[in-house]
Amino acid sequence: MDKRISGLAAAVAGIEDGMTVMIGGFGGSGAPIELIHALIDCYLATGSPRNLTVINNNAGNGHVGIAAMIEQGMVAKMICSFPRSADPRVFTERYLAGEIELELVPQGTLAERIRAGGAGIPAFYTPTGFGTDLAKGKPVAEFDGRSYVQERWLKADVALIKAETGDTFGNLTYRMAARNFAPLMAMAAERTIAQVSHVVEPGGIDPEAVVTPGIFVDCFVEVPNPAQEEDLNRANAHYPEVTA
Amino acid sequence: MTAKLTNAQIAWRAAQDIHDGAYVNLGIGFPEMVARFQPEGRQAIFHTENGILGFGEAPAPDQEDWDLINAGKKAVTIKPGTAFFHHADSFAMVRGGHLDVAILGAYQVAQNGDLANWSTGPKGVPAVGGAMDLVHGAKRVAVITDHVTKDGKPKLVAACTLPLTGVACVTRVYTSLAVVDIVDGRFVLREKLAALSLDELQSLTGAPLHLDGAVADLTCPEV
Amino acid sequence: MTAKLTNAQIAWRAAQDIHDGAYVNLGIGFPEMVARFQPEGRQAIFHTENGILGFGEAPAPDQEDWDLINAGKKAVTIKPGTAFFHHADSFAMVRGGHLDVAILGAYQVAQNGDLANWSTGPKGVPAVGGAMDLVHGAKRVAVITDHVTKDGKPKLVAACTLPLTGVACVTRVYTSLAVVDIVDGRFVLREKLAALSLDELQSLTGAPLHLDGAVADLTCPEV
Amino acid sequence: MDKRISGLAAAVAGIEDGMTVMIGGFGGSGAPIELIHALIDCYLATGSPRNLTVINNNAGNGHVGIAAMIEQGMVAKMICSFPRSADPRVFTERYLAGEIELELVPQGTLAERIRAGGAGIPAFYTPTGFGTDLAKGKPVAEFDGRSYVQERWLKADVALIKAETGDTFGNLTYRMAARNFAPLMAMAAERTIAQVSHVVEPGGIDPEAVVTPGIFVDCFVEVPNPAQEEDLNRANAHYPEVTA
């Protein structure tokens, strides 16, 4: 068994119009830039995938990564907790023009809904958001005298995540705070596609230190020196590159 | 009674349906035997409830490490690519539908897929373990069992009379006499021992056996 | 208007109430300043929503590692004893009541402890982040804020008019003029600037300030 | 900040009659034998704590650890998934005599209820147990056409767990499958007490490899060469030792 795939294009093949795609990262930290850009390439070449629902903590920054997906018109809806950033103009313009839908979810509820999707828990109760606009229309219940909101699981057709080291079975580790949502999204998607900076043979990761066990990973592609969104934005990068 | 498959042969037959790269949970006891019969060239990855993915065979006697055990509390070994995790993550794998197959023992399986395998009634100390989670989590839940009880009563029944482990969860039963699928609330016979007539098999089964195409011979090597 | 505390002084005052060994989450922006004023001999451990416990100060310019950021997406550093974890574990810490203190900014705080700090109304792009989780998780939820808005309106109010972040969650407010506790649905004044009369302070506050024992002078060093 | 405590007796001081105590371990793997025996010593010396509710996957084996607690009469109720073992006689006899209460919980539900207690989730829905005797009396609900059982969180006054390495901030790692319930119990107890085989200074554990962050640990005691329940039982050990 070897879950490696050669080439980014092959890794993101088969993502269809209308799918729900979870994308790892908190801002630029953990953003699988190369996988996202491969998906944009696929869209530019074939017109698909489009009309996507994207789940991420944010809604893109600058003109690369998720912002570039939105700029290309691939995204119909964002589910996120904080659709603002240093340069949120792409999402902001589309949103204010009514061209993209937004489901705003408190950050901890977003994380827990994704974990629930991966763990087979269709619904749970949380104190978060009770009595606020973000809980409107949701069932509420009282436990031990305190009020809670019922939240539903979140699942996806595909997850795109970035990891640090992966063995060929798909066991993954992450790099510092780039971990964030990736281990949860890996659990909650029908098909989890990772980009991995370092590939090792089985046994190359200490079994105690595995963060995402291979059972949650369908395939991965090696991307040795992944771009950091923050660096790209400081260089005012656009994807695809704007040719003068 | 007709010659029947040994437990090892039932386990062998179940192992033939496990594809290469499958994530598999084997119940405590008899089902653990399935791991011995992985077909050449296929590598399944075994999950145990207590937080190991990809464990290997039992260690040599006196080489046991009691921090490295399976759900049956038997010592196992690790192989390259093993991962350790806590119990909530372990059952996220189970409940979240990430296992390809769970293979369990049974007291009774009903024609609608109900399974009874955790309690023989109100006497004694009840114990359930992870069975109730497994039957509602794995993509495919299969049972391996003798076709009848020790005193000759059917284990494949119209409706379970023993306390249920799960409702409508089993999709295939490998018995000492046959391979039976559960489809739309009915037993569908797929394979039977060649020496056994359909009537004989039906007489040992507590609910109608339906046919859906040819019934293959159930053949197993000596194992 | 009377001289008031600077933001740094408000942050300094809030920092005095953080005990040694406390686990603390500081909101994005102004509250992050509290970390600068840990009293000598005390060591708080800072939590950030994106999965770090025990991070340190900002790195030198050009020494940033963009995989090592806080919830405000600013670069931080690690210290001995740091731990990384995923977002669900991070918010288990938050929601599960494991943080000793969360210190947040505010648009409005009501006398019953309601907090509004995430939205100024239906215009623009709404964004909530982790605030709604923090206010229902930390053992103590405190607010640091100017006592009034830029155009002089009270931020401590009878009832919030802006969209709520949480219901009855704040227990202490550190302002540019006073320290106010929220007890049984009422503002209870604990400290105020000495130069400010009770009447003056009341006139800048949108709901009655109650007294419960002596009101101490709110004093802060130049910081 | 140093969460080390000197001596097992000091570590388990303050556990009161009637408390709920989570105890890590799956069978003998991960069982904090030395902490349990220190608690028995406390009981033998003072008559407290007794009338305890103990949460563990099992219900003791042989005459050491949890079985010894039950044998001494300290335990009023067990919450567990599998109260059987190689030598379950202590629990079995008390249970059949009606001297100890049992709440039987499916193993995955037990784990998830404990995690929920630690994560501030008062209730969740699971497919596990639906339609069985173990779901009797519990609320059920349908989501997307499938039926689920509502389960409540489990919390405890105290958790006793065994870890492999701990730094003085209380960050912990475990040893192989001894991890099992310990990281969850550490989250779900008001006071988490660990026994740790190796103590290191902060920085002595790779921050990527921390399994239980120190925020979940109140104190710990160093126990360099912890006993394995299985070895004790093979030697037919009793606690306290039977003197002839």
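Lettered A, B, C and D in written order, each chain numbered from 1.
Operating definition for what follows: contacts are C-beta pairs under 8 Å (C-beta built on N, C-alpha and C of every residue); 3 or more make two chains touch, one makes a residue touch a chain.
Note that the structure is a prediction, hence the values are computed from the model and not measured.
Listed by label, the chains that touch subunit A and also subunit B are D. Here the chain-to-chain distance from subunit B to subunit C, counted in touching steps, is 2.
Taking C-D and A-C together, the pair of chains sharing more C-beta contacts is A-C. Across the assembly, the mean Cα position most removed from that of subunit B is the one of C. With each centre defined as the average position of its C-alpha atoms, the distance from subunit C to subunit D rounds to 36 Å. One inter-chain figure worth recording: subunit B and subunit D are separated by 30 Å, centre to centre, where each centre is the mean of the chain's CA atoms.
Of all residues in subunit B, those touching 2 or more other chains are 78, 84-85, 88, 91, 94-95, 136-137, listed in ascending order. Among the residues of subunit A, those in touch with two or more other chains are 112, 115, 119-121, 126-127, 174-176, 207-208, 211. Taken as a graph of touching chains, this assembly fits none of the simple shapes: it is neither a line, a ring, a star nor a complete graph. By the definition of touch given earlier, these chain pairs are in contact: A-B, A-C, A-D, B-D, C-D.
Residues of subunit B that touch subunit A in their complex: 20-21, 23, 43, 45, 47, 53-54, 78-85, 88-89, 91-99, 136-137. Across the interface of their complex, subunit D is touched by residues 112, 116, 119-127, 141, 143-144, 146, 148, 152, 173-176, 206-209, 211 of subunit A. Considering their complex, residues 26-30, 57, 81-86, 88, 91-92, 95-96, 102, 104-112, 114-115, 126-134, 174-184, 211, 228-231 of subunit D touch subunit B.
Listing the residues of subunit B that touch subunit D in their complex gives 48-52, 64-69, 73, 78, 84-88, 90-91, 94-95, 119, 124-133, 136-137, 163-167.
Of all residues in subunit A, those touching subunit B in their complex are 1, 115, 117-121, 167-169, 171, 187-188, 201-203, 207-208, 210, 213-216.
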